[in-house]
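Consider the two complexes below, in which chain A is the common component and chain B and chain C are the respective partners.
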Partner chain A sequence: MASYAVSVRDGRGSSLTEKHPVTIAICCLAMICAAFATVDITAYLVMLGMLAVAVLVGKIPKANIVKIIGLVIPLCFFITLIQTLSQGGPDIASYMIGSYAIHFSYAGVVLGAAITLRVLILAITMTTFFALVSPPRLTRALYDLGMPFKYAYAFTLALHFLPLIINEISTINNAQKCRGYDIDRCNFIVKSIKIIPLMIPLIIMCLRRASSIALAMDLKAFGSITNRTFYLELKPASVGEKLTAGLFVTGSLLFIIRSILY
Partner chain B sequence: MEAIRLENLIFKYNRKAEPVLKGINITVKQGECIAILGDSKTTLCMAMCGVIPHLIPGHMDGKVYIEGRDSATMGVKDIAAKVGVVLQDPENQSFNLNVEADVVFAMENIGVPPEEMENRVQEALEIVRMTPFRYTASHQLSGGQKQRVAIASVLAMKPQILILDEPTRELDPMGREEIFEVLGRLKKSGITVIIVENDPPRLAKIADRMLLIRNGQIKYDVAPRQFFKYLYGDDRIKLPQVAQAYLDIFGLSEQTNLPMSVKEGVEMYGKILSHY
Partner chain C sequence: MMETSTEKYNLPLAKMSINPIPGRVDTKGVVSSVLISLAMIGMMQFGERLDTILFGGLFPVSGRIISFTLIGFGTMMYGLIPGLIVAEINPFIGTATGSSPIAPFFFITNALQAIAAIISGKLIKNVVSLKFCFVYSILATVLLTCAYIPLHIFYFKMPWEKLIPMYAFQGAMTIFIPPFLIYGLLKTVKSAGFFEE
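Right, the complex of A and B next:
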């Protein structure tokens, strides 16, 4: 009777996707906190190893992970370069450009590499979380935790609204292109100025759409009763899940305490 | 027994504005299918389903009775459980990530017990022929399929009255056919259907009565055959091709028995030709 995440029905589910969303959220949050509390490369490599296990066991499409890594790599490169140039200490290389000396410090490379790993851990953790927890399950879990359904449901609705907005942007952009107002072939500064007239119809269309969606939801009695029922049943977190979450929280706390003490 | 009764309904969007509905009186019986054409039809729909006066601000006079109860005294939840509404844009009526979640959404909102939901989901999806798409993501559906899901989500609430506000407006011809096929089946099931559309020939196939609203008032409220006889020559209303051709050839008289379908047309033309 109970319907779980769509991926489970399609056979794309895994043992991890059926775990309680709150357990997964706690583990991911603990991982993020631990990543922020240290700059130790070894610790980061261990965390990446744990994430790799989660990705494999959770049957998360590798393409998603590769895509997110591809997105953060330019940022990571930039961070590493800045750290290499700005940190003091012994150099690994130095060059003269005219009368200016450019030093690439060893400490900067190490710090840059650590921050790169931290960014990668954050990106992969978030990707893993959203791959393992479907929005309806998260909504249900938040409701069970005491959050009013209207607010808990807002997340699912936002996920649905986002592609609609992207679609609207594309429609408006194409309509303006037909009128010779092309912003695609401009530099960044000109583009940021020329985009303003496109924002006005977009805002109007979004408001209109939001109003129509609100009306459609009202017509389906959304928020009209407090004792709402649910088709989606969530299995309560097992002892093993609770223990795992506890271990993650303890590990994270150890990292935080260590960062405070040393 | 009456499903909806409108008594001298007057509505204006603000006090100073001209009324868009001027003294509308309609009674819709249970199991009846009525089609509404003309001006201010969406406003009329919104009044019939209680959105006016509950959710749309404006000045309303007169009464709307839903199964004998004054809609002004009913809550939105009570009205939603009795009157299902399908709007124009299917995109705006799909709030969830897959078909099943969309269908159960309304039931969850009115507190249907989870044990009962499964049967209702199956039934509703069967009526709109969407059972194979039960676990399909909403964004993968065509416009017609999305609108069928919107109808299923409303049917799952088991409303006694179904109001459809231009349900095929945003659809391609294939999508329109799908929706009218579903509506034909719904009519046979005995549910009260009120449909607002701009396609009189298709409406004539399913409607028991057709209403035309002009300048905020009901101009005609008659059976489809009579409706097209009244409107012959009015360029704003399209007649079924077979009826148009018949009237163009033989002209309009009191005794004219208008063919409404190709089958009827063939029979009538056959009789006429047999005389020669």
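Right, the complex of A and C next:
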């Protein structure tokens, strides 16, 4: 997580990152709607191909994509298992456990595979969006769309302070270790219960820090001028960008219409 | 000369000292909510791992306990808008870093928790009470279950009737554990001198 904040701060650029955030948002939303409207594996593979192109052209860190795939695997295993056990139709295998028969359905496996691809498309699309649109550009776009700057800036603020809070957790953890409370030696089940002694000092620390940050921001007259000026200027979407967004929307609508008709 | 008007706030807002909608929207309210949300992200590292190992992240239990606690706390302390900031930054970072495959859905489910805290505040005025915390947890659990059923049916194409035991387990955990955590947290924050009553 902290590495994401650092990579955003460093500003890894590509031709796609310079596109207007609203155009990228429209394309991503169209892709998600299309993925929702179908359970066709071929269509999903085409969408994944398009995303792969976006990942390559957009120079999105491969580690992020690999991480998503790693996270999707246990989820999809669980979904596919439930589908395989609950769907009807011909079996691919059946076992007897005592007097109870367990059937693994072929239709369940196919549906599970389709859902796996759907989950992957959604996860990769959203990650691609946030990788292509840096928080300052997103803040600017949200401001242009009419969101008050104070709220739009919250996301950028979060990214600035994320490494700080991660360090804070590590400090509190070390302090608790010095007192004999070692959460790192617990197994993962006990660990999730034992986080309370980390949570309370962290919240107190956050509230204390928030007071000083807010005071510092107020002293610099944060939010007192309604019509802001920006260092960052967004180029208006070109005709090509508008055309691409239109194509994505049309494609998505076709998928939705097809799912309604058939 | 520039004139600024400063509103006076009492904390926690859900005690109805001022209108919790929109809540505390000055710089301190926004910054505090951002930092609470970051604390939630940090704590989620422990919770989400367990959920991923047990149910592949499909039925978040420990993650939900943490989110109930901290979104409820943020909303109770600062009102609806800061509560929504606490709620929405977690999916934003989760989606951007790819820490959870169903993070995009947390935009909806986390917002529902902030709304549940506001509704509970309308029903029970004293926020630093176990009764309030229980009402919030029950309401949030009901809202979240209603939101998850369409997700499981339409998105994951799951047979919902076979998921009832999972919903029951998830509901039992989220109704009985978070109230004690929120109450304890509010009491600690109060004794640490952060309440401005």
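Some notes on this structure:
Note that in this section the second predicted complex is superposed on the first by the 238 of 262 C-alpha atoms of A that agree within 3 Å, B and C clash if a C-alpha of one lies under 4 Å from a C-alpha of the other, contacts with A are read in each partner's own complex, and residues count from 1 in each chain.
One rule holds in what follows: a contact is a pair of C-beta atoms (placed from the backbone, for glycine too) under 8 Å apart; a residue touches a chain by one contact, two chains touch by 3 or more.
Worth saying up front: this structure is predicted, and the values here are computed from it rather than measured.
Set side by side, chain B and chain C differ in how many residues of chain A they touch, and the one touching more is C.
Legend: residue contacts after superposition of the two complexes on their common chain; A:V239 is shown touching neither chain B nor chain C. Once the two complexes are overlaid on the shared chain, A:M96 sits clear of chain B and of chain C alike. In the overlay built on the shared chain, the residue A:L261 is in contact with neither chain B nor chain C. Looking at the shared chain after the overlay, A:S86 reaches chain C, while chain B stays out of its contact range. Contact with chain B, but none with chain C, is seen for A:S134 once the two complexes are overlaid on the shared chain. Contacts of A:K150 after superposition: chain C is touched, whereas chain B is not reached.
By the document's definition of touching, both partners, chain B and chain C, reach A:R209. Once the two complexes are overlaid on the shared chain, A:G223 sits against chain B and chain C alike. Once chain A of one complex is fitted onto chain A of the other, the partner contacts of A:Y231 are limited to chain B, with no touch recorded for chain C.
On chain A, the surface touched by chain B in one complex and the surface touched by chain C in the other have residues 1, 157, 159, 209, 213, 215, 217-218, 221-224 in common. Residue ranges of chain A in contact with chain B, taken from their complex: 1-3, 6, 9-10, 134-136, 156-157, 159-160, 163-164, 209, 212-213, 215-225, 227-233.
Against chain A, the residues of chain B that register as touching in their complex are 49, 51, 55, 75-77, 80-81, 85, 87, 89, 91-98, 100-101, 104-115, 117-118, 121, 135, 137-139, 153-154, 157. Chain A meets chain C in the complex at residues 1, 4, 36, 39, 64-65, 67-68, 71-72, 74-79, 82-83, 86, 111, 115, 118-119, 122-123, 126-127, 129-131, 150-151, 154-155, 157-159, 161-162, 165-166, 168-169, 188-189, 191-192, 195-196, 198-200, 202-204, 206-207, 209-211, 213-215, 217-218, 221-224. Note for the complex: chain C touches chain A at residues 2, 4, 25-28, 30-39, 41-43, 45-47, 49-50, 52-53, 55-58, 62, 66, 69-70, 73, 81, 85, 89, 92-93, 95-104, 154-159, 162, 181, 184-185, 188-189, 192, 194.
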